[in-house]
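The following blocks contain the structures, represented as structure tokens.
Next come two complexes, and both contain chain A; in the first it sits with chain B, in the second with chain C.
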Partner chain A sequence: MSKNSKFLSVLACGAVVTGLATTGPAEAKVEGDTITLGSAVSITGRYAVNGKHTKNGYDLGVKFINDKGGITVGGKKYKLAIQYYDDESTAARGTQLAERLIQQDQIKFILGPYSSGMTKAIAPVVEKYGVPMVEGNGASRSIFNQGFRYTFAVLSTSEQYLSTAIDLAAEQAKKDGKDPSSLKIALGVRNEPFALDIGAGIHDDAKRHGMEIIIDEKFPKEVSDMTSFLTKIKALKPDVVVVSAHTVGGALFVRQMTEQKANAPIVAMTHCESAKIEDSTVFGSAGEDILCAGQWAPELTYRDDYFGSAMDYTKTFEKVYGYVPPYQAAESTASVLVYADAIARAGSFDTAKVRDALAATDMQTFYGNVKFAPTGQNIAKPMVLRQLQNGKYKLVAPSRWADTPLSFPRMAQ
Partner chain B sequence: MSSNNKPVLLYGGILLIGIFLPLALPAFQTQISVMWMMVTFALTWDILGGRMGYNSFGNIVFFGVGMYASASMQHELYFDIGQFEVISDQFNLQLTPEKYLFGLGLGMIVGAVICVALAWVLGSGILSLRGHYFAICTLGLGVAVGELAGTIDYIGAGSGMAAPVFPLAMGSAGLFYSYFFFILVVVTFFSLKWLYSTRFGLAINAIRDDEDKAEAMGLHTTRYKTLAWCVSAFFLSFAGAGFGHLNGFIDPLDVAFPGATFGVWMVLMAILGGKGTLWGPVVGALAFHITQEFFWSTLLGWQRVALGLMIVIVVVFFPLGIMGWAREKWPERFGHILEEESS
Partner chain C sequence: MMIGALFALAAFGMALVWGVMNVINIAQGEFVVLGGYVAVLMAQSGIHPFFAIFVAPVVLYGVGWFFYQTIIKRVVDKDLFTSLLATFGISILVQQLMNQIFGADIRRAPHGFGTWGFFDNLVTVEQVKLLTALAALALGGVMVLFLKKSRLGQAIRATAQNARAARIMGIDTDKVYAATYSLNAAICGAAGAMVAMIWVVEPYIGLVYTIRAFMIAIIAGLGNLSGVVLAGLGLGVAENFAGFIMGAEFQIAFVFSLLVVILVGRSILLGRKREYLK
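What follows is the complex of A and B.
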């Protein structure tokens, strides 16, 4: 026991010391002419696809700001850089990495992670240290009702995502001479903060129009089969089907709906772009006439000094990364623009001053107008609704930009 | 025992590390807290896995139940759950230190009671299974409880729940919880050291070596097995309560019942260090946690691949774990006096 103990103590102490030493010393993160922002995004795990969109969006924003000479603070030009960590799509990891960015890497400006769950996990951490976070990918209403002062979101909150689809359904019913309150809704959402909020929003909309929700299903996080949901749809024939099951679940829904020949006059969902339901080599025509909720679309007429119009941004992004930017990428780029604007206006790296400058933000980006409510969410930008028509996304709402009439009712594919 | 001061030196050294490490490296307090938590994981898993020969993949259940129980207790005592739904600028979860500590303490006790009771009930049922059947059953248990927690609205269902914010007046949450988890490790370690030296320790070893014989010798095996699981559950519930509060946000699958990460790691760490030895889980957990943190900061996106490779190497070259390998290599250091006995 005794010799054993000594040997062990050497082993244990050695391991602890070497391990912690190799992790490196903490350093201040406005060095020379570079301001380092920090972000824990999902590079692996279930959010890897959208995590990549988020990271690409951030990188493009940083590149364009740097190409234009950077940000002027106190008469001096600064470039931007981002320190990334991989949160592996788990909330437990996200909070630890946020702590690491702020405490060990001394980063004082945080860019959000991907997904509401992760944002919800990190928001208390940035609040604790008084470090601002600008995020473009945490839309759950529950992030913005806890009195957080340091979390700012450039996006519209989740309960607004599919409201327009319900309104469109009501309009169509009136046109057909039916009472909107006679409509029946089938709702299927993934069991996580973002989608649950969408579900809550739909419940509110249904109540507003007097519609009845006849199917209300929660899918597990790792959903692999939607047969029971689709069977109910076939049996009960709802007028509107609303689904929010993230990228993997969204793709599964579109595929299984066609396989099992389930349909409804209006089918609306989220995450169409990241699930790539327009890709006819994978889905054939299964995605036709599906309504897709989006924070942003290339057809919108917003513009800014860095990227020009929304369409210019789309072209630039496509040239750099080889695919059309989904809104997840656009809102990430917009987060960087908003940060740069606020730091420049604050004229300081003081986190409290930058926070106040963020709160006073009132600007237009290619992504839309940005103006924050006292609780941190963007209130100056509406959601858009696009419909997949002949393999192309067409803007059908809001009417200000809509260039295409709604294709109604949806034909079984 | 050649001299009595050697263990004192070892324990003293660890005590010094426990006290001064978080002070010396204030930026690493969260990692240090999690490091001690990992040691608790490995130690508690080893009770069944190493000492009793029952590979449980379901111990994470007690971690999560402890977490939810303690956080719910805080909410139950001080908050109106309805407030979460109110959109307001003023609302926050700030508590006074006295309230926070009282809620935390009470929550932990309640969590521990619930976990031990749960282990007793579950254990009486499924500990009659042996070998692979037991392992698979516990694996299912872990998954089922996580999914179940995602449907209970009282604890926020799939939206998760927030633990109260650490009171500003108490200083750094990282420091508080690194000491909390260090004390938990110390208490767990010495409780187990003592337990293994009693009849209970011999009984669970006998179950591992030959359960039928143990039963034939008159041991009430099911009772011992259930008791062993209860001990495991007891300490894990404290780890869960601490981690829930440290993390601040409790998600049913990612934070409370992360079977694929914490649940598997506890097995891995015990095996890595050498299961069935007293120090193996400690060494394994430290080695695992530190390597993993190191990979995380250096190999963006490839950290899991590196970790996987490391595990393969350990399994192939050190199948008995670090401590097992060390015992083979230097048996005299472990008190196995071979030559002297035979001569």
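What follows is the complex of A and C.
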């Protein structure tokens, strides 16, 4: 009986939390001295973890801008606020909520949701209403080749995600006196737009270096086992293994690679942080020497007026939220900074003027330089690679900014 | 092959509920994942997750019983569509609750077992997979024995054959249904504990297991419990083999094509039999 009532109370709690996340008072765009931005992020559903990072990043950006006095528009200081909705990690819901933010809540400045799929769903909506959206979590190439004029992304696009790993492998081969074109690549990506873009990028890079892709695998969306991919790696012994299978696939890959004793001199992947491969209580040393693609790393030397350096941002974030900010949070904060900058430069709340100001953005944030291509993606910032060395992520590439040498070749764990 | 043993467990439960209660339990995968979380929680509190194979069924028996008394009881004699919807509802509810309670993070239960390698590690056998496969087979064996020999097992089989007749014979079918559904949840729980040790669990991964269980139950044919075990093992082998030869993108497609082939083949065979009877 007590089990029943406990279960019911948990159930009730769940209902209340969900209720809180989805309802809130409707607010106008500018009320008194507050500019309200709007965002539908994933509080529940499969993107809940990264949705939380996104929201925390936005909140921290708003807090710092407000603490510094806010934004000056037309000689008057304005504070920022954000109206959130929970998109439940489904694209259909995201689209509805974007409409609701713009039409019902009269919000004219939209911050992006988490993930490429969700961003792609919302982009046509903001386009329809001529409302600008700045996003930091939709990297799919397909968002930027449709001629959208109102979507701006502060992050590098997906086909660049693991390019640095291929360049690094080529660099290392030259150092060892080998021809980069003798290298063989194993590629494994999840069958979804974002990861497929990464795969396409790798194909381009391989062609550029004359490398051969000997394994080219597409995992199903609900990947639950990687044995066959790993068996091929063991049989064909590639020099570089590149994997992008989102969080579940990433965790599976790292775990099964060690348990099935597969390895390669260079192993690079995405979503290390969200899969928490650095957590030795769960993964042991399985994640050692794996290269992780990142939009950003705390060791980078970019600076801005609000947060100082990337490291200062990291410390601030950790103090507020109790964990080291993953790049998903950093790029979200950067989106807010870019928005604030553009609204201030536009000197107006007119959406068309803010859009033009966004298009003319050329600034440095703690997250990196931001300058948008005509199609909306950021072209001023490269991807970074961090390697897990003794349980800590170390910046190893691009070698121009790296503070740690690459550990090569990867030792079998 | 060892993977198959796990799927066979989940399918076994599904076939049982299907056969006895005429309910297709869509929440099957969620029960598996819930069992996985039991293993994860045990590993976190310092108990070896292998013991979760015994603890998770107990916990899940309770969960199954709860859902039977609150929901399934009301739909068990309705048509199949009603119970499909009801279990689908349970599945969404459990998913969201797990997301609220455990978070959407990926979890695994570290087990500390090693790996045997042969032929320069080209062939590897993970000790934990072997252990869990053996445990799965043992559990399956116990289930079959239980259904054949025990009083409750006999009552379950009688109800499956003809619920009305069973009721006339003095069997409390409501109790039998409750036991069957809870038993199914318990089996799933054991399978889930194994999943958490071998792979990973997260709140939304249950669907994979529901689909596999469903397929195996169909391939084996309703109520054919030993067929379920064989089909499960076979599917595990076929799936990995297909993944290796054709690539992971066709792995699941292959399995489903196999399903179509088997079903078509079976209906042709049945057709022949029918002619013979004429």
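Keep this in mind: the second predicted complex is superposed on the first by the 386 of 413 C-alpha atoms of A that agree within 3 Å, B and C clash if a C-alpha of one lies under 4 Å from a C-alpha of the other, contacts with A are read in each partner's own complex, and residues count from 1 in each chain.
Keep in mind that, in the parts below, a residue touches a chain if its C-beta (ideal position, glycine included) is under 8 Å from a C-beta of that chain, and two chains touch if they have at least 3 such contacts.
This is a predicted model, so every value here is computed, not measured.
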_Looking at A:Pro124 after the superposition, I want to know if it touches chain B, chain C, both of them or none. Which is it: first, second, both, neither?_
first
_One more residue to check, A:Pro220. First (chain B), second (chain C), both or neither?_
both
*Now for A:Gly74: first (chain B), second (chain C), both, or neither, which partner does it touch?*
neither
_On the A-aligned overlay, A:Ala92 touches which partner chain: chain B = first, chain C = second, or both, or neither?_
first
*asked:* A:Gly32 in the overlay: touching chain B, chain C, both, or neither? Say first, second, both or neither.
replied: neither
_Looking at A:Ala275, would you say it contacts chain B, chain C, both, or neither? Reply first, second, both or neither._
second
*Where does A:Gly177 make contact in the superposed view: on chain B (first), on chain C (second), on both, or on neither?*
neither
*For A:Asn191, select first, second, both or neither according to whether it touches chain B, chain C, the two together, or no partner.*
both
_Let me test your reading of the model: by the given contact rule, A:Gly322 touches which partner, first (chain B), second (chain C), both or neither?_
neither
_Doubly contacted residues of chain A, that is, touched by chain B and again by chain C_ = 3-4, 7, 11, 13, 18, 44, 191, 218, 220
_Which residues of chain B touch chain A once you look at their complex with the stated criterion?_
1-4, 6-7, 9-10, 13-14, 17, 21, 25-31, 34, 84-93, 147, 150-151, 157-160, 162, 165-166, 173-174, 247-249, 251, 253-255, 258, 261-262, 279, 282-283, 286-287, 289-291, 293-294, 296-297, 300-301, 303-304, 322, 326, 330, 332-335
_Could you list, by residue number, the parts of chain A that touch chain B in their complex?_
1-9, 11-13, 15-16, 18-20, 22-24, 26, 43-44, 84-86, 88, 90-92, 95-97, 99-100, 103-104, 117, 120-121, 124-125, 127-128, 140-142, 144-147, 190-193, 196-197, 218, 220-221, 374-375
_Give the list of chain C residues in touch with chain A in this complex._
3, 62, 66, 93, 96-97, 99-101, 103-108, 110, 115, 117, 121-122, 124, 126, 128, 199-200, 202-205, 207-208, 240, 243-244, 247-249, 251-252
_Complex contacts: residues of chain A adjacent to chain C_ = 3-4, 7, 10-11, 13-14, 17-18, 44-49, 188, 191, 216-220, 222-229, 231-232, 234-235, 247-248, 251-252, 255-256, 259-262, 275-276, 281-284
